[in-house]
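What follows is a structure written as structure tokens; I'll ask about it next.
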Amino acid sequence: MSELKIAIIGGGSSYTPELIEGFIERYMDLPITEICLFDIIEGSKKLDIICQLSIRMVEKSGTPIKITHTLDREKALKNCAFVITQIRVGGIRARITDETIAFNYGMLGQETNGLAGFGKAMRTIPVLLSIAKDMELYCPNAWLINFTNPAGIITEAVSRFTKIKVVGLCNVPVNMQKMIEAHVTGGSLFVQMTGLNHYVYAHQIKLSGREQLPFILENLLNDDSFNPKNIGHAGYQVSQIKGLGVLPCYYHAYYYLKDEMYAEAKAEFEREGSRGTVVKMVEEELFKIYTDPNLSTKPEALSKRGGAYYSEAACELIRSIFVDKRNLMVVNVPNNGILRELPDDAVIETTCIITNNGPIPLPVTTLPFPIRAEIVSIKGYERLVIEASLKSSYNIAMHALTVHPLCPTGNQLKAALDALVSANQSYFELI
Amino acid sequence: MSELKIAIIGGGSSYTPELIEGFIERYMDLPITEICLFDIIEGSKKLDIICQLSIRMVEKSGTPIKITHTLDREKALKNCAFVITQIRVGGIRARITDETIAFNYGMLGQETNGLAGFGKAMRTIPVLLSIAKDMELYCPNAWLINFTNPAGIITEAVSRFTKIKVVGLCNVPVNMQKMIEAHVTGGSLFVQMTGLNHYVYAHQIKLSGREQLPFILENLLNDDSFNPKNIGHAGYQVSQIKGLGVLPCYYHAYYYLKDEMYAEAKAEFEREGSRGTVVKMVEEELFKIYTDPNLSTKPEALSKRGGAYYSEAACELIRSIFVDKRNLMVVNVPNNGILRELPDDAVIETTCIITNNGPIPLPVTTLPFPIRAEIVSIKGYERLVIEASLKSSYNIAMHALTVHPLCPTGNQLKAALDALVSANQSYFELI
Amino acid sequence: MSELKIAIIGGGSSYTPELIEGFIERYMDLPITEICLFDIIEGSKKLDIICQLSIRMVEKSGTPIKITHTLDREKALKNCAFVITQIRVGGIRARITDETIAFNYGMLGQETNGLAGFGKAMRTIPVLLSIAKDMELYCPNAWLINFTNPAGIITEAVSRFTKIKVVGLCNVPVNMQKMIEAHVTGGSLFVQMTGLNHYVYAHQIKLSGREQLPFILENLLNDDSFNPKNIGHAGYQVSQIKGLGVLPCYYHAYYYLKDEMYAEAKAEFEREGSRGTVVKMVEEELFKIYTDPNLSTKPEALSKRGGAYYSEAACELIRSIFVDKRNLMVVNVPNNGILRELPDDAVIETTCIITNNGPIPLPVTTLPFPIRAEIVSIKGYERLVIEASLKSSYNIAMHALTVHPLCPTGNQLKAALDALVSANQSYFELI
Amino acid sequence: MSELKIAIIGGGSSYTPELIEGFIERYMDLPITEICLFDIIEGSKKLDIICQLSIRMVEKSGTPIKITHTLDREKALKNCAFVITQIRVGGIRARITDETIAFNYGMLGQETNGLAGFGKAMRTIPVLLSIAKDMELYCPNAWLINFTNPAGIITEAVSRFTKIKVVGLCNVPVNMQKMIEAHVTGGSLFVQMTGLNHYVYAHQIKLSGREQLPFILENLLNDDSFNPKNIGHAGYQVSQIKGLGVLPCYYHAYYYLKDEMYAEAKAEFEREGSRGTVVKMVEEELFKIYTDPNLSTKPEALSKRGGAYYSEAACELIRSIFVDKRNLMVVNVPNNGILRELPDDAVIETTCIITNNGPIPLPVTTLPFPIRAEIVSIKGYERLVIEASLKSSYNIAMHALTVHPLCPTGNQLKAALDALVSANQSYFELI
């Protein structure tokens, strides 16, 4: 295989330099011949900046990777081995709108959960399906590495409704893993995580074959040496977490500390505007730095942006598939019987062994029923979102949001949904 | 079988006259020889009143049923064919306490859902298990007809942890059925309901073989001729219900109209005190009437008490088992593969054919995944409650309440649970 | 519903008078307005004879049922409420051919099992599918009551590949039930049977709630008062049957006494020719009797024909559906989760409660895994037969017969299949 | 981990030198400190010979592995990391007896299938359970690598009824893999096999991601360049194998070519006596060679013995676990949901990724139902054998053999079983 081409859809994203860096570092194992940066016309200015920076980075590295860019999706996808999607349909502006509506109606506005997450999913599903349909034409055997959020929902939509091999990716499990590694040392560590994207649990943490979960749950919130922000959350009640018997991720705080998280986010919103507004400023700052013709490495400032390890995870996953590495990664893949309470085609986030036939999920034997029930509950919501999107159904959207733990119900829900639909007229409609 | 004895545990309840009336009416099919009324010492005065009234009712009817009463459980259970449990551990006082604590911590206080329902379950599970254990000794082949709430949880605890054949019963499906019958006429009607106690859906409504659900969902909330209080709830958003695709019960309003129901209950609470307080006054009134030596029929006033059709359902179920009637009833039984997403030993509320081998659940083929996901979610909570009770585990109690849609989370939840535990010291402890 | 029309496809069969008798007896509950006898042109002479006899039988009974006959399938099916199929594609001649080939290649030739059963299935599946497709046009809401053999395979083909509601019927469970009733007396009897057509087991036999299976298995083969021909088989080894833990049907003898049954059948074949030849003579005799213009009841001679209770079962099933009788019958219906080892759309033979929504299978909780494994094994064969028929696939036919316990393998199998295909050229082809 | 001890139970086997060679070759990755050879008193002479040869082999290799031998099981097992079982309860004499009885009663006598396999299982299960129980005491964390036949049955018995981690191993998949590798070249090969021991299928054969099964099935039996003895069998009918859609193993010939295999084996039996007799002579020859004090490598003659790659597979598996190699191997492990038609605790033979937490089975998504049905059928037999052994039940043994495709039924089966039991009185009894 002389040619090894990768397309980055949303190539104009401020995250791209991290991907470029990741590919440069892995060049020995993963001899990429071309990275094609694609973006839509509205992002063409940013795309230019990123492309120039990427070219400087590759040049400095001395690797023979060709960096190209295009506004033509066919050209980008043609003959790719891997396609990475990191798009934000509607841009940060849409995010700000979603989050603001959420707060206006008494909900926590957070990009991937609840009403704002719903809005993002509704804008994004049709676009990702359209990209995957193009892949069926131009690179039918390529892997789609999706880290567009809400990654679980998006990955499931592509997996169920196109023929493209897709893996969803998130940095949450990577952060949990690093935190566990920092505290559970002195032997060979085996961690198994299962759940959904942004709703994943570590349910096996074995050190040289011995289960460490009881020890961790006992000490997690008492011990200052733990940094519980990354495994679980500082504010959790000790008893809540011990009762689980497994380790939640930090996004669980939105559910297990609903009121506290809402209060905190509300205060921040009133102080600084929506999180989207903050991100917008960081982004503008970053692009100023990127424009500097002397810059030829990933700048420090990017790490402030959040999403640490996202790009590392993507590069690592691609290398692992390419070299058949057989390492463990927590990714989003079809269930296929792993959790018998879910349909086979439901996408779950679970520890897999990465092979050149893709990720192979490990059997799950240690997840108690109540935890499975939580996962099933959220998956019920997720599948309703996909159905609402495909059918443009207002009623199914109402059902979806009714069962979401972070949404209000009844009249207020209807008002919030109407506001959201109205603000998103150019992206989707519900009838 | 010359002897046919029935024991009523909680025989001193104000509901008992309805049961007596029901058995009198069914005497031709169900030739009961003895009804033994049992209560605890604290209820002995009420027990006497009920016993006297029951004797007068039977005498008036001319049926040869013997009415006995006792404070000795062994004597009550000995050689029974059926045992009915309708107890309220802690009495109305405990209910008032639970409901008040719930409101104090910003939750809706409702006897069977959320924090107050949790308190009731924790008080009741050990008592029902103890009754069933006595049945193993004194009437091992008897059927336990449980309508002690929360009926689904209690029935599952008995079913999983004793050898007694148990069926849980509720009047919600009866009311839904009557309402549907009132609006869907002109042919032979087949209704199938499935879910959990107080969380049940009608998912097949066939008139002479043709599905009526789309028609009902379309007209339910638009048409004044519907009395949506009994199927669904007046306040539901039309879109919410249409999106479900199936008909929720009126207890779903606690979940689908969380904010509205809370506001309404809060206002009532502030106006009249807890629902328990209201019930207490009704009860006192009733017993005054019952004492009247000239009263020998069920008084009109009893129907105001709520719980209509509860006793009718119990009498009908017992007759159906006894005569192998093969009628359809919606009762609480072990899942045994009916919903593949739930463990076999999970108790579900579902349409069964009643035979002398007990209720046989109908296969469920028309329940969409998102509805199943809601059911699984609530069952996750229910099983945690049972586990918390059996293990006296504070942590598992916290987990249970954390995942209940009607409870707050984090600090406030802990404070509420602590208050509940403290108020219930004589009934259960959590460690 | 003023009109109640029933079509009998294969109306010229010698069995029809039994059906007519059955409908006459049930007229009070099942006020049939018309019975339309349909047959193909080759059977028109027999059809005339049967029609005349049926008219005489109805006249004698005084019931106002109209008997009609036709060679036009559309006319027969138009507006039917029930359609009964009792056809023999290729007639007795084809059966004789199949059975002879089977013996020539060292197999037992039996109409429903093994090579001869395979031949019958291959001839019959396309015809039944074609009838059901016509029903979709002319009586889409009618029930198809199939007792064309091999009934399990045929019923599954119709159930999976058409929209018609179909129930398969067999007299084996009826005979088992009658035998059990004869020996297990003195209380209320509950029998549950599950398996496949001609491969069904009785796995619950409760007398007033107490399991009788151990008692029956202990005494079945020792006690002369049992007539084991109808439950199990006289030649079974006691130890074989006790080891099962459940009661096999008499068709199991083909599998559990393979060698003995083969020897017996071979001897009979050499003595009298194939069973088909015997049947042919009985048939000719019967039609001579039917022609007698003075005959206006079902003649005694018909009971010699075999297949006792077949027609009774059909009439009873139709009445039960019509009046929503809720009685227990063992019929062939889609699995729908009853046996989790089988696909939902696999047709099984199992105890159902018969309602006007059709048969509702009882949950199966007492069937041990090894028995399920036998059932799965035979179902594997059955589904391959259906697949071979739909795809006209020689290779899949070879696979099907390779896994059938009564077939040889390798060269001899191929030779036998080739002979069978060659003899059936006018009915099916395999490529 | 300074100590790394391995015990070989049945250390006096003629196969041991192959294991020793395998461990010497892998010493760099797998720094074994001690190999303890255990055997029973009857094998002590052979044990001495093997021990001396092993010492010479290790000395020649220059690796610091200590070779010990003992007749004391506690001493052998103490502190082991891995235990290999390769015993033959009753020795070759018992095998000859089993095979002779099988032929006497018209069955193919083959060590692992049918009646002879049943006898071997009945002798071996109690001994392996006893070894595993000792492991619970002396090396509870050790892995048991079982290649005592019938490996699937034995492994399942240990897995279900002891706490020891066990993996069953067979050389059949290794041979299939090598054959496939020889014919499917020019890219990266991925093979997935699933089934039971000696009843395994290759159901995915991907070359650089493209499925090769149709190509292989098309050419397998036509193309002389294939050596079908190792994948499938030379005598298979082309149509049989194409119909399967997957590749059977060569042991399937016992089922798919029942008559041919029987005829061939019968002829060989009459010519040379049972296969056991042949093996006995080869064994005696081998031990003569082993005794030669100048021999310090595995002799050529051993490869004639059959069972090629068995020991290589064992050494490779142990190394893979030890170094967490993540390679694919086909081994016998608990099902745990991989095949939903089987109980979770049923042991299957399936492609796993070998980690230091043991083998992780790959999800199986491409196995058609009829193939699953065959697997379920054989597993039904296997579980009955285990049950017959644990309960010493004659009746269950009769049931087991009745459903085995290679056994006769009825009277002849009973006679054969009686003969087998009588010949094995010192090993097991059936009551």
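We call the chains A, B, C and D, going by the order they appear; numbering starts again at 1 in every chain.
Basically, a residue touches a chain if its C-beta (ideal position, glycine included) is under 8 Å from a C-beta of that chain, and two chains touch if they have at least 3 such contacts.
Note that this is a predicted model, so its numbers are computed, not measured.
Colleague: Between chain A and chain B, what distance separates the C-alpha centroids? Give it in angstrom.
Modeller: A distance of 44 Å separates the two centres.
Colleague: As a quick test, compute the distance in whole Å between the mean CA positions of chain B and chain D.
Modeller: The separation of the two C-alpha centroids amounts to 57 Å.
Colleague: Among all residues of chain D, which ones touch two or more of the remaining chains?
Modeller: 340
Colleague: Using the contact definition from the top, classify how the chains connect: line, ring, star, complete or other.
Modeller: If you draw each chain as a dot and join those that touch, you get a single closed ring.
Colleague: Among the chains present, which pairs are found to touch?
Modeller: A-B, A-D, B-C, C-D
Colleague: Would you mind writing out the residues of chain D in touch with chain C in their complex?
Modeller: Touch residues, chain D against chain C: 235-237, 239-240, 242-244, 255-260, 340-343, 369-374, 376-377, 379-381, 383-384, 393-400, 402-403, 405, 408-414.
Colleague: Residues of chain C touching chain B in their complex?
Modeller: 141, 188, 190, 206, 209, 324, 326-327, 336-338, 340, 353, 355-357, 360-363, 365
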